[in-house]
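One structure is given here, and the rest of the page talks about it.
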Amino acid sequence: MEAETHTPQPCKLVVIISEAAIEQSLADEVMQLGAHGYTVSDVRGQGRHGARSALWGADRSIRMEILCDEETSLAILQHAEKTYFRHYAMVAYVADVGVLRPAKFKHQR
Amino acid sequence: MEAETHTPQPCKLVVIISEAAIEQSLADEVMQLGAHGYTVSDVRGQGRHGARSALWGADRSIRMEILCDEETSLAILQHAEKTYFRHYAMVAYVADVGVLRPAKFKHQR
Amino acid sequence: MEAETHTPQPCKLVVIISEAAIEQSLADEVMQLGAHGYTVSDVRGQGRHGARSALWGADRSIRMEILCDEETSLAILQHAEKTYFRHYAMVAYVADVGVLRPAKFKHQR
Amino acid sequence: MDAIPLFFVLGFVARLARSDLKIPGQLYEALSIYLLLAIGLKGGMELAKQDALALLPQAMSVLVLGAIIPLIAFPVLHKLGKLDRFNAAAIAGHYGSVSVVTFAVAVDYLIARGIAYEAYMPLFLVLLEMPGIAVGILLAKMGSDLRKVRWGVLSHEIFLGKSMVLLAGGLIIGWIAGPAGLEPLEPLFFDLFKGVLCLFLLEMGLVAASQASALRTSGVFLVVFAVVMPIVSALIGTVAGLLIGLSPGGTLLLATLAASASYIAAPAAMRIAIPEANPGISITAALVVTFPFNILLGIPLYDMIVRFAHGS
Amino acid sequence: MDAIPLFFVLGFVARLARSDLKIPGQLYEALSIYLLLAIGLKGGMELAKQDALALLPQAMSVLVLGAIIPLIAFPVLHKLGKLDRFNAAAIAGHYGSVSVVTFAVAVDYLIARGIAYEAYMPLFLVLLEMPGIAVGILLAKMGSDLRKVRWGVLSHEIFLGKSMVLLAGGLIIGWIAGPAGLEPLEPLFFDLFKGVLCLFLLEMGLVAASQASALRTSGVFLVVFAVVMPIVSALIGTVAGLLIGLSPGGTLLLATLAASASYIAAPAAMRIAIPEANPGISITAALVVTFPFNILLGIPLYDMIVRFAHGS
Amino acid sequence: MDAIPLFFVLGFVARLARSDLKIPGQLYEALSIYLLLAIGLKGGMELAKQDALALLPQAMSVLVLGAIIPLIAFPVLHKLGKLDRFNAAAIAGHYGSVSVVTFAVAVDYLIARGIAYEAYMPLFLVLLEMPGIAVGILLAKMGSDLRKVRWGVLSHEIFLGKSMVLLAGGLIIGWIAGPAGLEPLEPLFFDLFKGVLCLFLLEMGLVAASQASALRTSGVFLVVFAVVMPIVSALIGTVAGLLIGLSPGGTLLLATLAASASYIAAPAAMRIAIPEANPGISITAALVVTFPFNILLGIPLYDMIVRFAHGS
């Protein structure tokens, strides 16, 4: 059973913005690294690799956000860095947020 | 008149990710609980209820974000928990952010 | 060469939600103010200016998020306030996040 | 061979093979708006050629048919299937309502074989959309305090859901405009119909396959139900068709409507009206089992039943 | 009865009844791209059959017509309606420009009644798109320091807005390709036109109803303006049609163009060019009042006016 | 004049002029799903009329053709162009694969001139889609430890990419359903084809122009390559067409297929399979230079070559 509280408990939010081509692999890997879920939306933007305007297939970007515990958040960031930063258009960041049911996002190791 | 400042003042950001079916009711309730606005985008994702890939109608998810004061943020989180967590695919979190015109997001009680 | 670390370093995230009509100018200005990139998604919502349901052209809204250093974040917020808050439907906020490669988001002045 | 079911198979296989083929969400919505409107318009146009009043008795009987099916399905699901009241009621509602695409495939089946049918059948499709859903919801609420039920919200969901608005709206426009008024719309709404139907079936194949893994956890009962229930409903529909004096073609369409389960209007309404029901269960039954069963095997089977009943 | 206005009514009623029917955003964009291109192509094809040079005097007159209307509307809005300079100018610009869909409905009105018209009328539609917007912007800027105005940005917005590019681009392609070159495109761009128009009107009904609540706050003046201004413009358009020697059918189209108010190109341009103007006001007037007025009552009324003026 | 290339020009110019015209992303996807399916269906329908076995030798030769082109392109890019192994291999793969839209434009070129061609040519289009990509990937991996390569992922990417599934799926459905089964789908998939192609070319013009700035940094070598390589490939394709006994029309189509470079299937596959390659380079070459070159100048040029080769 999940422990539920009525004030928000600390949790990490990882956000990764990258090429749509890697959505599926990224999702699989994030789950493997201990996340229990993720949310994806379609975005466009600009960065070091120039404009990605989502005008057509190869030009689409996605934004993935993952609520998880701190350990998982670091694992995800480091995995993304190692695997994708070099060859793919990508940015990633982590933020501190609060959730009502922190157990839902904790990795059982 | 709103008080305006030139450095960001603290404010809460609530984010709720859930099934598209409840977008309208959620929006109505959020406003009733004291928020002055909200922003919605279409997302897809995975969680405890399995994959929600937005492939078709019943499978679509939304992400709603609400800037509000702390009291309202707690009210929204608790309302969401009470009303939807049991039967709907949903996650929610709250974050600390800064805004230039905090009065815009404050609930007059 | 960028300095890379394996623990997240502080960085600012600015988020601006406004009318789709100003997407292009906003993007240009954000880059001019020192950001090195931005990400845009299509959203709908409600606020002081009433509902913006993205039902049709004039009714569409966008959400732009920008990772940058603190100075740039303030410059962007203040520019948005000065230029758009008066006549356009808009909200903006700033959050503290962590990134692995902070140099990527720092403005060289 | 008829191309329509092949598109379903293509989508199904592509997804099982984990292809990245996807129908963009808004294209899916555009296709369903088109199909619902087109079927409504077609029915309305035929209605304009009829004496609408004369259809009233038939129409009433069809409404009753739509209410009976979930009343049969519910106890089976609840007692035999050991599903809780909410899930049993929700599934019963799906099977009481109808699948627009299954109907379109059956119409195509008749046209391809040159079998005549009452051209105003889409009227019955529109009529059958709601009562099943309404009865399903009532069944779910019977346990709870009926005064607490938000009837306004529920009837709004049933009568003003977008499927209903497009079907009924199309029907009324077609009726008012009549064949002459619709003529300039034919290239879009009638000539392209079957092609668009194929695209929609491609998408349905993708969706069905993406839900197929739920079969493993859903249990044998549900699968058996999702095959046997349509046959039972088709029998009832056949009887109803005979009673109200439909032609063999019309009877087959009514039997198919009875046999079909909704996976567009019903899931949307049920999600709001019966939040306690797990949408995965009803969609697996209606879309993963019953829908392909109907378009691949059911329709020919019901055709045999109807022929037998009509003694031809 | 003609089906087109019925789709508008369906959308309007569905939305007022708070149905969840929605036209997905990208479908809306797809429909407008289609309509603009199709009208441009049609016009260009007809232009290819003409001596284009001979149309020059008519074309010039039409440009003047487009500039006159906002000059009439502006003082009415500013002085009589007590709207500030920015809002008055923005609304005037909307009424100086034209509504592509209203034009299409008027063309359909003529075809349904077998009334002939100059087939190159879409050229005038293209020509009337811009000058009204330009004059509206100029009126707004007259108070401020003209040297500070970013003319480059403004003219970019006017001449390179997507409506303009699609209309003018279609016109030029149609002109160059000619009837023979366009023949293979007919099934898409011409045969489906009216059906797509219906879908667009369904969407316009939804949008108009979603803005309708703004009527309550907009005041009586605006509503009266949004009904009277089109009639005045139609009269001016009728006179212009007579002066440049159009047939009764062509005159009706020109009157309708004059009477119509833009709600696609103008709002986009105005939002950038006159940020001080509240877009809600002009859209309420143009879309919630003038547009349905024109397609439901205006066109028949202008037809009567034109017949009277042509003495037939 | 033919309208098709004009739509490309319209898109290209509109974007260069910084118009805000955009084809919404999901419309782009809808258009490509349509085009791929339609071409597959068309080819399958023609295949149903043939003795498919008799085509086997031709089909094998075409597969070889698809493998040869990247083997020629790779050393040129790597040695002459000084591109690293990854980029050279990725670009070679793009040129080994084919452009569906270029093929469609060439078919249209033949139809407009009344030149006959083997109606089963879309089969070769389907066959040519993959081998070039596969060879490109192999070339990239040759340097690295071949045991570390994830062959499963790669072959999945190649055979189950959505272009392949739609093309091959359409082909198989068309084959099974045959001309009679496809007849009701003709209004959507065949009659509208050319119109939809125009919309797609409008979009391609927009995309090409948006990538055009990359030309400045890409260097002269790449531009020269992107013009010369298609001509070389067209020559090889012409020889292949002669060898396998195609008609002049069929030979032109095969030459055009050889000359064309993929910008839908290949970029998607390469991005996964060769992440080290900069996608900007191959897309600039394939889409900004080769694609317009082919549809504006290449096809007529290859026509001359083929006529010469066929001695007519």
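Letters A, B, C, D, E and F mark the chains in the order given here, with residues in each chain numbered from 1 onward.
Simple rule for what comes next: contacts are C-beta pairs under 8 Å (C-beta built on N, C-alpha and C of every residue); 3 or more make two chains touch, one makes a residue touch a chain.
These numbers come from a predicted model, not from an experiment.
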**Partner chains shared by chain C and chain F (touch criterion as defined above)** = A, E
**Request:** Give the label of the chain whose average Cα location is farthest from that of chain E.
**Result:** A
**Message:** If you average the CA coordinates per chain, which chain's centre is most distant from that of chain C?
**Reply:** D
**Request:** Could you give the separation in Å between the centres of chain B and chain F, each centre being the mean of its C-alpha atoms?
**Result:** 46
**Prompt:** Any idea how many Å lie between the Cα centroids of chain A and chain D?
**Reply:** 39
**Message:** Give me the residue numbers in chain A that touch at least two other chains, ranges are fine.
**Reply:** 41-42, 95-96
**Prompt:** Counting only residues that touch at least 2 other chains, which ones in chain F make the list?
**Reply:** 20, 22-23, 25-26, 29-30, 187, 192, 268
**Prompt:** Which of line, ring, star, complete or other matches the graph of chains that touch?
**Reply:** other
**Prompt:** Each pair of chains that touch: what are they?
**Reply:** A-B, A-C, A-F, B-C, B-D, C-E, D-E, D-F, E-F
**Complete:** Counting only contacts in the complex, chain D reaches chain B at residues 22-23, 25, 28-29, 32, 203, 206-207, 210, 263-264, 267-268, 271-272, 275-276, 279-280, 283
**Request:** Using the touch rule from the top, collect the residues of chain B that touch chain C in their complex.
**Result:** 4, 6-8, 11, 13, 27, 31, 36-41, 67, 95-101, 104
**Asked** For chain C, which residues count as touching chain B in their complex?
**Response** 15, 17, 41-48, 61, 63, 74, 77-78, 81, 85, 91-96
**Fill in**
Listed in rising order, chain A residues that touch chain F in their complex are 19, 21-22, 25, 42, 49-51, 53-60, 84, 87-88
**Interfacial residue positions of chain D with respect to chain E in the complex** = 25-26, 29-30, 33, 37, 156, 160-162, 165-166, 169, 172-174, 176-178, 181-182, 184-185, 187-189, 192, 268
